[in-house]
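Below: the structure, in structure tokens.
We just call them A, B, C and D in the order they show up, numbering each chain from 1.
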Amino acid sequence: MNYSGILDQIHCDLKPWLGKGRVASYIPELANISAERFGMAIVRTTGEVFCTGEADTRFSIQSISKLFACTLAFQLLGDDLWQRVGREPSGTAFNSLVQLEAEQGKPRNPFINAGALVVTDVLCRRFVKAETALVEFIRRLSGERAIGYDAAVAHSELQHAHRNRAMAHFMASFGNLKMPPDLVVDAYTRQCAISMSCVELARAALFLANRGVVPSTGEHIVDASSAKRLSALMLTCGTYDAAGDFVYRVGLPAKSGVGGGIVAVLPGEMAVCVWSPGLDANGNSLAGTLALEWLTTFTEQSIF
Amino acid sequence: MNYSGILDQIHCDLKPWLGKGRVASYIPELANISAERFGMAIVRTTGEVFCTGEADTRFSIQSISKLFACTLAFQLLGDDLWQRVGREPSGTAFNSLVQLEAEQGKPRNPFINAGALVVTDVLCRRFVKAETALVEFIRRLSGERAIGYDAAVAHSELQHAHRNRAMAHFMASFGNLKMPPDLVVDAYTRQCAISMSCVELARAALFLANRGVVPSTGEHIVDASSAKRLSALMLTCGTYDAAGDFVYRVGLPAKSGVGGGIVAVLPGEMAVCVWSPGLDANGNSLAGTLALEWLTTFTEQSIF
Amino acid sequence: MNYSGILDQIHCDLKPWLGKGRVASYIPELANISAERFGMAIVRTTGEVFCTGEADTRFSIQSISKLFACTLAFQLLGDDLWQRVGREPSGTAFNSLVQLEAEQGKPRNPFINAGALVVTDVLCRRFVKAETALVEFIRRLSGERAIGYDAAVAHSELQHAHRNRAMAHFMASFGNLKMPPDLVVDAYTRQCAISMSCVELARAALFLANRGVVPSTGEHIVDASSAKRLSALMLTCGTYDAAGDFVYRVGLPAKSGVGGGIVAVLPGEMAVCVWSPGLDANGNSLAGTLALEWLTTFTEQSIF
Amino acid sequence: MNYSGILDQIHCDLKPWLGKGRVASYIPELANISAERFGMAIVRTTGEVFCTGEADTRFSIQSISKLFACTLAFQLLGDDLWQRVGREPSGTAFNSLVQLEAEQGKPRNPFINAGALVVTDVLCRRFVKAETALVEFIRRLSGERAIGYDAAVAHSELQHAHRNRAMAHFMASFGNLKMPPDLVVDAYTRQCAISMSCVELARAALFLANRGVVPSTGEHIVDASSAKRLSALMLTCGTYDAAGDFVYRVGLPAKSGVGGGIVAVLPGEMAVCVWSPGLDANGNSLAGTLALEWLTTFTEQSIF
């Protein structure tokens, strides 16, 4: 498969779409990034890397951090994790409290904000500094020591964390948060502020496409069956409440972030990451979703 | 009207009902009060007082404080208050966040928790210590200087304030809270911990039955039209989501609290307060509601 | 009280408001009526009648029929009626199915469409032709033999009855409809198509202000206590989901219809009916609500 | 792959589970079937067939018919179909009206009842008898002429169709049903009453695993890309509101029915159908789901 040529083709075809969509505007650090920027990277399980655009530029991974946090919590608790957070698509907005009220403080899945707060609560209970533990975990997954979180982004987000604080206290009122809500929200916010590039993110997610093993180091992250199950979870819940539409169009398990990144995996073959800050109405990168749709169309490779 | 005889009759008939219902159990200070206790007081606009049972025993007024806080905020803002809180029955539980999400952080009315937090936010913005200002206001309404809040109750409630904190942060995320959420929740919690007796509460509410004027002092609290409108608000929203049923049975504007108190007014005639800690499924005093229903039946006096 | 002068004053002051609001447009028979029309009538329990504007012009009473249907069903079942329909404000739109699903097919109150369909089901079970029985009942209440329903209106409404049919089948699926849904919807639709004038409607509602007795004939419709309770129900549930606001502004138990009519009662004193087809956002007559608000302001008479 | 041995192993291991779960009981034709029954069939794209248990016994396919009806409607309208029905998991029960009200009569996906009614409406508009057209379509997919619907099942279901009628009228009130609601419900009900065996169902679904082509006849049902997309839709929406959990455990696109059948596909390899009437809390076959979970575990074959 000529991945290199396909990536160039996608980049070229995307030109009219770059700059479309709305850049996340609730904090200046995100609002000031141009919607025209674009990068994409494929990392195969064999180790080969293919890139186009700004594939080495770091951006704010935001909700993509939920994927790694969930994996780390799953390492700690295994299937016991699902006692506290579900595995179903939410059917409502990523920051809705309605479902939480109807279902007694148990979030639908670990990829909506409420669920990610429960996951972070698990990490906060186990690690002195949950955000540091997560950064360390991601460094091991990606093989890149220089990864960290952006303090300015974290600081800005904390000014806009009322909704997450509401959720944390709400779950605490149902007994589904063990640590102090403010501590959990702080750690969660710093996780979201981690900066990574497309290449780094694709490397970090590659264990999911490789039966749970990091190809470059041989480290077993989770067993093969669990890697498949985490991929299944990404597929049904990874792209906010547009999961059905995303799977229909792209056909790959994926996790998106409001910073414009999307990471996806094709089991047995590769992980791919795309970045473009302009978002569609559901909060997924508009150009990024198109790029992935074209990738599976051009390569005729998807999970279906 | 032989109020004295009627109160004795009610007290006597209620004997089999005292002890029924469930005492609020989320804090020990409320849980340890016997469901068998009972007191009732009528204060006429003429100044006459009629009592039965423990009408002079102080109890935790809890949500009845919302009536006085709302009146004080209305003194400050007038009808501008309704920009930030509605005047409609909620149709859902007193601590639900569902409505709040659907209606962009504007609570349905000032007598559900979310609405009372907005009211307290108004007071916090105006007064250095909102709870102290409210206590002072209630002292003037009731003519009783010794009224204050119970620090032990307030302290216990703060351990169980996650849901109220969730609401406060949630409204802050919609821009409908001006002061820091934690400060507002603290003040609100202390307001709820105010202790008063049946006689004191009936006296304090009497201005509503007297065209906005405190009969004993002549102090104008609100104008006659506003007194009627606050009574209307009590009628449709004062007894949690059982307002329809309560109006159907009792036929008086009333505000209840989880401590077992209910204060009601018959415009032009009297204010009445009843206390019995056993609650029905809606959180209103079971024996207290019966007592009021019998009062309007025996006297053939209601607003209808 | 100079009701005659007050009515004239209201009519005069309303001039700038007539024509405001939106006339119901889902059927041509309603859409073709000018929003500028206006009539108002007061009938005292003493028999005196005061009018202004087109107080003798018949219009489509629409949801006001729910008041009479509910009274008739209450005559049949008494408080057993509340096994099948609640007495609480709905908190949602008059034709919402959400509440119905959450509460297992039991409507919140008899004045929303779902509740009125249950009431009609009661009448359909008892009478061969429910709509004829209701017309006959209203004739007795108002003392006017010529009242009937408008076949053209009924026919048009049946073309737009999908939502009501949906509700009827939905309640049938919960076992809360005893007769065939299509039969119930047909009868309900004809009830809504009854035509009456302001004077006729005020006369028909007068028993509620007169302890359950029709003043002109002495017929006992319900006992005094039940008349008060039906008034209480009107107050909390009679004006769609604007009941709180309506009570706050007007301070009288009332029932409105999408044809622009509102009937209200002041217990012990009078019934009043106003008609103007322009509706506010909640579906209540815009000028009609103003007229009633001014009436209680000018006369300083309300239930509070 | 020794499918034959694996199926026997599964059948053997399932023994303790057969008879568990609750058989659908709303009509006698389903209620009278023993929960102990079990059949399973694999049909490979190469034509090989592997069976265990009662793989040739016909049962009521119920909601599995939605898969074929949706395919047929997609043949007619292509992506225009998604103007009238969404592609997102519902997040609520299969027969809920709440989502429908919030989203203006557009069902979330074609595999919940509301969505299937819209699909049937499309078929009713195109074919004189929609149910006959669907039966004919399934005969071509499966290569079995003797397939038809069970008149007794259809007749019984029509006695319990109030909820579906409610949905149909509700969507009609939003303009999202073109044909008369009663006609659509009748056709829909007969579709659900189609009887097929595991082998027949696996054969009929095989085009989805074979790039849109029926292997045995070479008939092009949909293009390769559309076959993948329909599979994606099954994955996210095919198993009621347990889709997330099902994908997590089984890892295959699948459609279940309340008769106890589940059909699933492994793209490029096979279609599989399992039948056992005992249902879990979500309405999916309890033993059937286990059988599929074990199949993907034993074979290490899933889409992930």
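Here is the rule we use: a contact is a pair of C-beta atoms (placed from the backbone, for glycine too) under 8 Å apart; a residue touches a chain by one contact, two chains touch by 3 or more.
According to UniProt, the chain labels map to these proteins: A, B, C, D = Glutaminase.
Computed from a predicted structure; not experimentally measured.
Steps from chain A to chain C, taking the shortest chain of touch contacts, total 2. Among the remaining chains, D is positioned farthest from chain B, on the basis of C-alpha centroids.
Computed centre separation for the pair chain A/chain B is 48 angstrom, with centres defined by C-alpha atoms. Work out the mean CA point of chain B and of chain D, and you get 55 Å between them.
Centre-to-centre spacing of chain A and chain D amounts to 32 Å, using the average Cα coordinate of each chain. Not a single residue in chain A touches at least two other chains.
Note for the complex: chain C touches chain B at residues 86-92, 99, 108-109, 224-225, 227-229, 231-233, 235-237, 241-245, 247-249, 251, 253, 267, 297, 300, 302-304. Considering their complex, residues 96-98, 100-102, 162-163, 165-170, 172-173, 181 of chain B touch chain A.
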